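Some structures are shown below for you to check.
Each of the next two complexes has chain A plus one other chain: chain B in the first, chain C in the second.
== the complex of A and B ==
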């Protein structure tokens, strides 16, 4: 039963199992285990990023394609919900319409980009996605009549999902719409994650891995490599858009910085690499570790910079604004020394 | 012994259509300039736009040439190339800012000397850091495209952040040297002096590069290496050394492009290289990966297109380059002048 839910892809490592269970329990009971607004924000962000990173891993880890447009698809989903809620008013229907149209738009765009670039060389894809994504990001901030420009959009979602909706108390925690909203995000993320797990462990997923290992041989066996690569791109884009819709429902705000920026793209890359490319569980660990680090590491660096006061260069290097540099170094080192990431390490060290 | 059999190959000329297909990329630039003239209508603004488009194209070409050669030679795709653009700009502009006496003087010779000194410093430094980058970042990941992309993106972030550490987080504004400010009027059109200089400079670099690639032995080895590296190595040339040389030269050219671009924009930021990389990638793709001539034509097309469209329909300027890339890839999926690999 459990194996069937996990599509036969069990963690295969005792430590990994424990870690994953801990993450699952913490996220499932987050509103009661960690009361407080900030903790709930962090938990929801982790859920959404797990899906986003897992969908990226479908491309990077399983198919061996590097894309820089993943935030663009994420943003499409988010803007879909935002625009639908703005124009159709505050309703569940608007959320559904926005989510569906965002996902469809993302899949169509991915299909177009894929047809142009994957047909020739997989390496074109990385460059073309970078160009298209940056053009879309600029376009979104320019078309401010529609998208709100740099300021983004704020909109209303159904009352049952907002903190204003209260309905009693459980274990000393005030139950309100925010908690319903959290469980919506959590449940949707869990379903999407299991769906991705199903996809990568299906015959289709096997073909993707074959293409990653040797595309020439896969073609020779008789699989249409271009078709499979394009399909993987579309699937991954659609799931990323769904994650974006969840993010928009959770935040009740979209803007270029929260959904489209290149920084988020780098974050996703780091999460995939740190967690482990080519395993869906890597996405879980990568997202959890990274989001926690993002929230708490910067304050730690501030403390360290204060402690290094008076030394020559060190305070500048430890400045909290320079944390991206340390992530970059970590990124390079992990690509060199732990190409299989945390999950790969845990599985091989059984 | 029998006589060799008769062998009379028939050497026919290429048909007109084939020759046209070969020359088509070269014709695109004049065609685009002509189309721009028809669309814009007034000679003076067309002239201004053409010169600025050519200037922009030349600068993009300077940045793109190293990247495309590095790819052609060793199949290495360097996403960190943009970091050298930023680094070159910061080094060069720092040198210029340190020489206020030379740049504020209204003497062309002194101004040019300052600019050339800045360019030399920038090129030496970016060349050295390119060497270090190749050593530390690129070398361990040969032959693995995926890792190359990831690692060089990491390198890009680290260098950008180091620029923040050294020069501070703010953008730096600057003035061009005295005699390079302002414009000259020609046929009723105001042509900025610096843009003309940039066109001349870029053209000189393209011609020098072509000369080196076509007329010298090292150029021959590089071109042969792009076509078939294994064969060159089996003839006894150490292609690795050649590659390091090309990588260093490419980084230095990126630094040069950075200085030129910084002087053009009169403001530099650590993220400028990253933004330029998008245009550079478009240029490299439409030119055909590994082809210097293709990159040159592609850069001119991108520069001209951007300027014409920005004048005609400002909203479309952002996506005009993507449109150009799409159109060219539909016409030639491998880029305009793909390098034929003997594999």
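== the complex of A and C ==
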């Protein structure tokens, strides 16, 4: 049963299984295990980034396509919800319309980019996606009347998803709409992740891996490589847009910095590489480690710097303001020691 | 530029060997296919030419390949054999001429489209999916043949028919015991066998083998050669074989065509082509002395 849910793609490592189960349990019970606004924010961000990173892994890890337009698709989904909620008002229908239109717009844009540029060499495709993504980011900033420009958009979502909606208490935790919102994000992320896992283990997924390995031979045995690459780009874009919609529902705000920035694109790349490309489960570990580091490394360093007070040099190195440097060091170390990512390393058993 | 250059010896008709028509020799050197033959002609090239800058790598090769026939393509290194294969399978675009498969002009079709129409090829340099398993390599071929590549919601493993067929092919090339191994872990000989297995799995109307036993040990080569011999029994297919080993050609070929400097130099039954002094001296050199 469990194997069927995982599409036959089991973790294939005892440690990895334990880690994944721990992540699943922690995320499933996050509102009760880690009460508090910040913890819930972190848990929701992890859920959304798992989907976003997994959808990028479909492109980079499984198909061998380097794209810098992934945040653009993420942003399309987010702005879809924001615009629909702004213009249609606070309703479930607005969320549905916004989510669907964001995903469709992302898929159509990916189709256009794919058909025009996936025939060229990989480096040119990467450059084209970078150019398109930059153009869209500029456009969103400039079209102030529609997108809110640099300030972004703030909007209302159905009351049942907001903290104002209260409906009791469980295990000492006040139940409110924010928890419903979290479970909406959690459930949708879980379904989307399992869907991606199914896609990469489907006949289609096998073709993508063949194309990544040897596109020349894939073509020679009858696969129309450009079609498959384009389809993978569209699927990946649509899922990224759905992740963007979830983010917009969770935050009740969208802006260029939260959805379209190049920094997010770099974060996604780092998460894929740290977790392990072409594994899907790598997206889970990569997102968990990275988001936790982003949210808690600074605080941890503050505690460590306090503990090391009086010692030479160490408090300076552990200054909370230097958290980005340590994040960079962590990344370099992980690439050095786990070139195939954490999942690759755990699966190889070495 | 004339193929072969001014110093190249020109073949003269000898015995039953049909010496090929040259671009400047009209149609006299190559008999037009009869109507009966046309009905069984699976693959044909007509004036097929490719130029790389000033160099003519394949020079107006006109040839028909009939069902039930194994044609060996021979010639010295650099004669254009693999380039001719590349033109037929679409890896290189022709500068002039046409390729037709079962009467359909496929000259402008992509590699994948030609393959889907029944043209299958194994490569001279092993060309596999190195990080996938042996079984997965063959499964991918059968999946392509069955047009199941766009299945999104079923798992690949659930297509048990494809897996069973792939296992059967691996059994034929004696690679069943390595089904779960990564291709990159296989010996060169086994990779060559897998290359052949993938072509067999494709089940094409036209088989194109480019030096299938190159680099294989004396123990491994017979497995592949027996398979090719087995394929000959199917009268619906035609087999093209680029090969240097004359003993292999003598055993398997129904017909030999000789390429020299990209042009078709001779075409006929093996015994006659091999016995032809002009072919031995001009195109085979010492190679045929061992025959």
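In this section, the second predicted complex is superposed on the first by the 308 of 350 C-alpha atoms of A that agree within 3 Å, B and C clash if a C-alpha of one lies under 4 Å from a C-alpha of the other, contacts with A are read in each partner's own complex, and residues count from 1 in each chain.
Here is the rule we go by: contacts are C-beta pairs under 8 Å (C-beta built on N, C-alpha and C of every residue); 3 or more make two chains touch, one makes a residue touch a chain.
From a predicted model like this one, the values you see are computed outputs, not experimental measurements.
Peer 1: Go through the superposed model and pick first if A:205 touches only chain B, second if only chain C, both, or neither.
Peer 2: Second partner only.
Peer 1: Taking the superposition on A as described, I'd like to know which of chain B and chain C A:33 touches: first, second, both or neither.
Peer 2: Neither partner.
Peer 1: For A:301, using the defined touch cut-off, is the partner it touches chain B, chain C, both, or neither? Pick first, second, both or neither.
Peer 2: Neither chain B nor chain C is touched by A:301.
Peer 1: What's your read, chain B or chain C touching more residues of chain A?
Peer 2: For chain A, the partner with the higher number of touched residues is B.
Peer 1: Quick one: is A:322 in contact with chain B, with chain C, with both, or with neither? Answer first, second, both or neither.
Peer 2: first
Peer 1: Is A:224 touching the first partner chain B, the second partner chain C, both, or neither of them?
Peer 2: A:224 sits against chain C, while chain B stays out of touch.
Peer 1: Kindly classify A:213 by the partners it touches after superposition: chain B alone (first), chain C alone (second), both, or neither?
Peer 2: second
Peer 1: Taking the two structures together, which residues of chain A meet both chain B and chain C?
Peer 2: none
Peer 1: Which bits of chain B are touching chain A when the two form their complex?
Peer 2: Those in contact with chain A are residues 77, 79, 137, 140-141, 145-147, 149-151, 153-158, 161-162, 164-165, 169, 274-275, 277-278, 281-282, 284-285, 289, 315, 318-319, 321-322, 325-326, 329-330, 333-334.
Peer 1: How about chain A: which of its residues touch chain C in the complex?
Peer 2: 7-8, 198-199, 201-207, 209-210, 213-214, 216-225, 228, 231
Peer 1: Which residues of chain A touch chain B in the complex?
Peer 2: Listed in rising order, the residues are 60, 64, 66, 116-117, 119-124, 126-128, 130-132, 134-135, 138-139, 142, 262, 266, 269, 273, 313, 316-317, 319, 321-322, 324-325, 327-329, 331-332, 335-336, 339.
Peer 1: Name, in rising order, each residue of chain C that touches chain A in their complex.
Peer 2: Touch residues, chain C against chain A: 89, 91, 110-113, 115-116, 121, 123, 127-132, 136, 139-141, 143-145, 148-157, 159, 198, 202.
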